[in-house]
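See structure below.
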């Protein structure tokens, strides 16, 4: 691969939420939602981020687009620190990094028509497009995402879930961003509709050269859309690499367990499938285990894991990096596949 | 703690709280009526009153309830009978000596303080001297000319006067409460003596317990000389506080009380007429309702302003409506009750707001900002909330005054507050009712004499000419010239418009006639049915 | 195959709403056999949960109403059965595991209270015996330190543990049929696998009939023996799991299978079913799937296809079911 | 004695259906109680506006004293011979004025604070604390004290009632504003770069406007009750007729038990007006709350 | 749990402090400085000054405030302008009556409201439910004095069922005293309960309906627990919490209602005291009465909170 054109750089990002408690309501402890995450995103590339609930992937998404501010670390869009930017830089950044939210049923103001919703970006950024050209642009956008331009005066509730997610995508694209963060964009949709939206996102990426940060808990969808995949566990990235590597030769025991847990929609040979089931639920991010955070559920954990935290060496190279003292190197066995 | 325990703990806590709140029920109320139930004699008479006792010191008390309770407890030299005649109480008789310069009271020897000590001339002397010393109450005005008080023996008191004054003995005899010297003496400065517990009295009833806001319980004094053979039938007199006249009326109908201490408001008289068991007792009036102007107010100092205000008071309509016609109009400060003293030639200020406004404009008031009100002429009118008739009058006068461009505010306040405000001169206009004037001379002296010590000169008037007229009249012993002089003062005060008389009310008291009979009412709303003498004569209906 | 424990026939449920009557479930029939897992596969609004609630008698009536059909459990028709009968069969005959265990457990009672209440009321156990049995049940569903955690409240457990407690409650009275309504949808994938395994294990151990309601083809493929596919309130296809996945006989089933991204494969473009599932209020005429169908013919827009037998143990409600089944359409 | 906003309005779901105003209004009016309450409200407003043009201002001394209701005096007369109907009609104006003005004041303060609290976490801590404090205090005694000192007048009553009525509004607007602020579409607007002012005024406020309408009605209803209470305690404007004052007059003149018409008719007026406003508020709230459709 | 209680208690203290501070400054900053009223009319400037010194009115306002606070902490609320007695004594003599009236109203409302609300929710749409709904909405429109006068005139006067005025027949002892107490309490109590009950029952009904739609109710029924059991055990316990919180918040209103009720029934509580103090323009007494009522309400609120907490494991743990 030629020199990567890095558009987004996340460096040692930390986001802790103070926990209410104590006599005066002052927090002594904190939810360590995101705890030292680093990665880069190249132009036209999709980085998939997977993990279970509470692993911090949504906080990461919100922090990247500026909906949340980091406790430490930085997010840089083409060299500009997203959270330190102000004035012109900030506006530019806002335009260039957009988000598609999870739930299309609640992420659109029910009181606004499709026209209002799509007009909103231009009202906030008045300098992007002169007033008289906005309607034409809105119609373009509507067609781009496969909606009917005659429906501009409809309210969100008059659209189906899939259509609403298309509206959300159109809105994110209105300001011609370079990076789109997709925060679980299909998980609220019906199974039969998910594929439409995934296909749309892929088409738009091809046509517009977008970079995606694609966040999901559904490993199948992530595999389908991503170039590279990061696996998060309790606020940390435990494995990061090219998707084929991650999916077929997972190194981290967590990645492995995660992949083995996913049911395969094919009954043939199901009784012969081997899977190592993890015990219990992920621990609370308020008080994560010492050393390696996964050690409490890890089948391979040893004393070392409780003491030393394994580091993840992140390099922009197409290989897998796993934060584990005892990484695996065998391919994932998938009988019946 | 498990769930069940928590529940039961919560319930138990709640129950405990409620029990605690209800604990000590009726404790500290003194001896209950039941404990002294001496058979049929254990009769309780319950009287409704609107206000609490503000002051238990009879030498300086003001409110009605104070008077009712304290007058029954502390004897007076004379009392007033149903025909407004002074008759003996503590004093057997009195006579003037030395051309009227000496008033000699002979006391009965059978009045005894409730601690067993006899009531003697020393108590009378002490009471009078304390009033003079500390200028207490309106009695102080009646004692102004006293030079010396002597007590030749235990049953004789001699007041030596600087000048002869005909109404002296009646005034002092009727008004002055006699307090036990041996009790009050210990307090030192009697003007500061609260006298709010362990009462020692010699009247018909002695106060036992006081629960402010609720009730005052008095017990029969078995040694009261005027009680009928075998003692008063009513053993316990209980005043219950009903701050609202409606609840008091309902309580009477309901049988919660047996007598309303305050007169029935004119508007409610009709409603009692249908009630079989409720009896209405009409008594004569020794007082009258009036509007008084505080001349210390820069506006009210002007005669024209006062006259103009008199012209916005529609007394005829007020009598017709508010009093339902049950009252007599009057002109000038002398009530028609006093017959010949009333100057019948006086013409009332006619009700005419337009003319009143003209008069005010003559006095220099103008409506420059065109809001219909004369500029700067704002006055506060105080009245007693517990008198339903007068609160309504105040409202009517307020509206009529507005027609003449005068902005009046009506502050109808709780009775004790009203009394303390008028007493301290903290008002502009005062709408009130005199309860008792036993003679015109005392009235004029009490109300208009500028030198009046501790008196009831609510106008706060200091008018040399008026002083001279009053003094001259007081010194006049011959009847005809005396009447003439009183009439002259009547006319002068009327012309000065120091007060606007409203009416002489027909007073009616309501009581449960199915239970009690034998009241010995006295004229006036202050004395009415509840003098110690009257209560001691009450009998239960068999 | 033995006689079914639970047999639903021609069940229709409608809801009265302000906008009109909604036919949430129409003419649904299914059999549950002891020791087997029946999966009801469908998307939101397909009527699968309403069917489950109708079986349990948990629908709010009104607005809901069972307008036709029967639900026969061991010879007793539960439609129109008395509250007594219902309460006798619920829990002991048929039990249910809900999707969101947090909201399905009473927040103000400890989990021990909730389990032992059931045992005391239904099994007349003493307080201490019920508690001991509650701990046993919690251990059975593999809750660590059950004896200690029996006095904890639902909110003190993690999602997976709560679902285990929900299952413990459901199996406390050894029901003959266990209905699991999307039991793992709210859970993470690693926990999901544990719960599915637990359910399967319990089914095997107790010989229960398990009814698994889900929208997840993967889960169906992993655990079901028989599958019914529901779309817009109707059963569109029925068959054993292997056959149904191998040879779908309804274009909807086929589309679903094709559009699933798989974790073990990489595809460039997914197959997509166009459009969206119809609202239960405005189902299209004819076959409800016709606007989205890739094999649609004229008759689909006018006539409602019946659920027909197309091969041994295979039913499909499509005018072209045979063609689809044979791969010709 | 302020009535609480019925609980039904507190758990308002953000409607997923569109806020088609005409639709809501139509549904509102087609409900019999909704239409009836509106009609009653309208009747009172008309009486307040035009009644005094037809009925003389009660005042002075009449000749018919304490007359029971009759053809010449529909509501009877009081102890001054004044027509109680005239007093009630003139009192309508004051009750409506104070109710509307005080509720307006409370709404403005309450909505502003509520929205501010809903949006700004930092401000919220203070706003909730103060609101809860205010709510938990016995406000009637406080209003009594303040009115007594400030000197009773319509302006005093309005300001006092208004200033002590906003916490209910704040609580309502805040709790619902919080729901709206937590909605992902607010994040959507923020991600587009919308500022706080824009979000509050363009996204949150429109969402709570129906609630503000409900709140206006309910707050006004409570204000009318408060005004009547203060007037009944003798703290009303002595220059204006008010329903509470009519009852106070009946009490002061000692005719409570006999002249029942003097307390009955103002009581009925209070009951009807407040009931109409409350019902209108509750019904209006119901029509826009989709969850209540089937109840 | 302890932390919760302590935090609530601190908050209660804060509430009281704010109430005290607000009234203190409100009374002194409003036009018509009430402290001037203590100085009687015709006094020389020297005497006025002496009085001002005596009452501490010559000091800067913040000093006065500090003095007031320190005295307050020691239970001293100053001296009544009119009655010349310590305000605390006057109020303490009246407070138990108000506590009993408002407290019984609170308890009775809950005791009656629970079955009404539960029953209405369980039988949604039936007659009793409709009555509860109507009553619930009408409750907001009831003017306490109207109800009180109605009860006073009809039940007290026309029918003569209840005594009028006062709180107890002073001559009764033991059981008779309790009976007399409740006999006197009945009418004021009912006029408060009538106003409060409907809205409370309606609130509970609404909460019950919400709870009855919850999965855990369905789940309980799915386990074969009877409807009665699910209703009274599983649903009620959850529905009562928000209703209790609301009742706590309504305590201030309840006390406001007590002021009006006591006025009409001549009940010797703090409410009537306030009415009298308004007539007397007795500001220290008014201020003291308000502060005492505020303290009462805040403490009652605290108790309600703690009870809620005991009933709600989610707060407790």
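Note that the chains are named A, B, C, D and E in the order they appear, and that numbering of residues resets to 1 at the start of each chain.
As a working rule, contacts are C-beta pairs under 8 Å (C-beta built on N, C-alpha and C of every residue); 3 or more make two chains touch, one makes a residue touch a chain.
Since we're looking at a predicted model, the values are computed, not measured.
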{"item": "Minimal step count in the chain contact network, subunit D to subunit E", "value": "1"}
{"item": "Remotest chain, subunit C as reference, centres from CA atoms", "value": "B"}
{"item": "By mean Cα position, the chain sitting nearest the middle", "value": "E"}
{"item": "Averaged-CA centre spacing for the pair subunit C and subunit B, given as whole angstrom", "value": "89"}
{"item": "Rounded Å distance between subunit B and subunit D, as computed from the means of their C-alpha atoms", "value": "45"}
{"item": "Centre-of-Cα separation between subunit E and subunit C, whole angstrom", "value": "52"}
{"item": "Multi-partner residues of subunit D (at least 2 other chains)", "value": "234, 251, 256-257"}
{"item": "Per-residue multi-chain contacts in subunit E, two or more chains", "value": "152-153, 157, 263-264, 275, 279, 281, 311"}
{"item": "For subunit C, residues that touch 2 or more chains besides their own", "value": "109"}
{"item": "Residue ranges of subunit B in contact with subunit D within the complex", "value": "244-246, 249-250, 253, 264-268, 270-271, 314, 317-318, 320-322, 324, 385, 388, 391-392, 395-396, 398-400, 409-410, 412"}
{"item": "Sites on subunit D touched by subunit E in the complex", "value": "1-4, 6-8, 11, 129-130, 132-133, 135-142, 144-146, 148-151, 218, 221-222, 225, 228-229, 232-235, 244, 247, 251, 256-257, 260, 263, 267, 270-272, 274-275, 278-279, 282, 295"}
{"item": "Complex interface listing, subunit D residues touching subunit A", "value": "14-19, 183-185, 187-194, 198, 203, 206-207"}
{"item": "Interface residues, subunit E side, partner subunit B - complex", "value": "40-42, 82-83, 90, 93-94, 96, 99-100, 103-104, 107, 152-153, 156-157, 160, 163-168, 170-173, 177-178, 181, 263-266, 268, 272-273, 275-276, 279-282, 307, 310-311"}
{"item": "Touch list for subunit E against partner subunit D, complex", "value": "11, 14-15, 18-19, 23, 26-27, 30-32, 34, 124, 136-146, 149-150, 152-153, 157, 195, 199, 202-203, 206-207, 209-210, 242, 246, 248-253, 255-257, 259-260, 263-264, 274-275, 278-279, 281, 283, 286-287, 289-290, 293-294, 297-298, 301"}
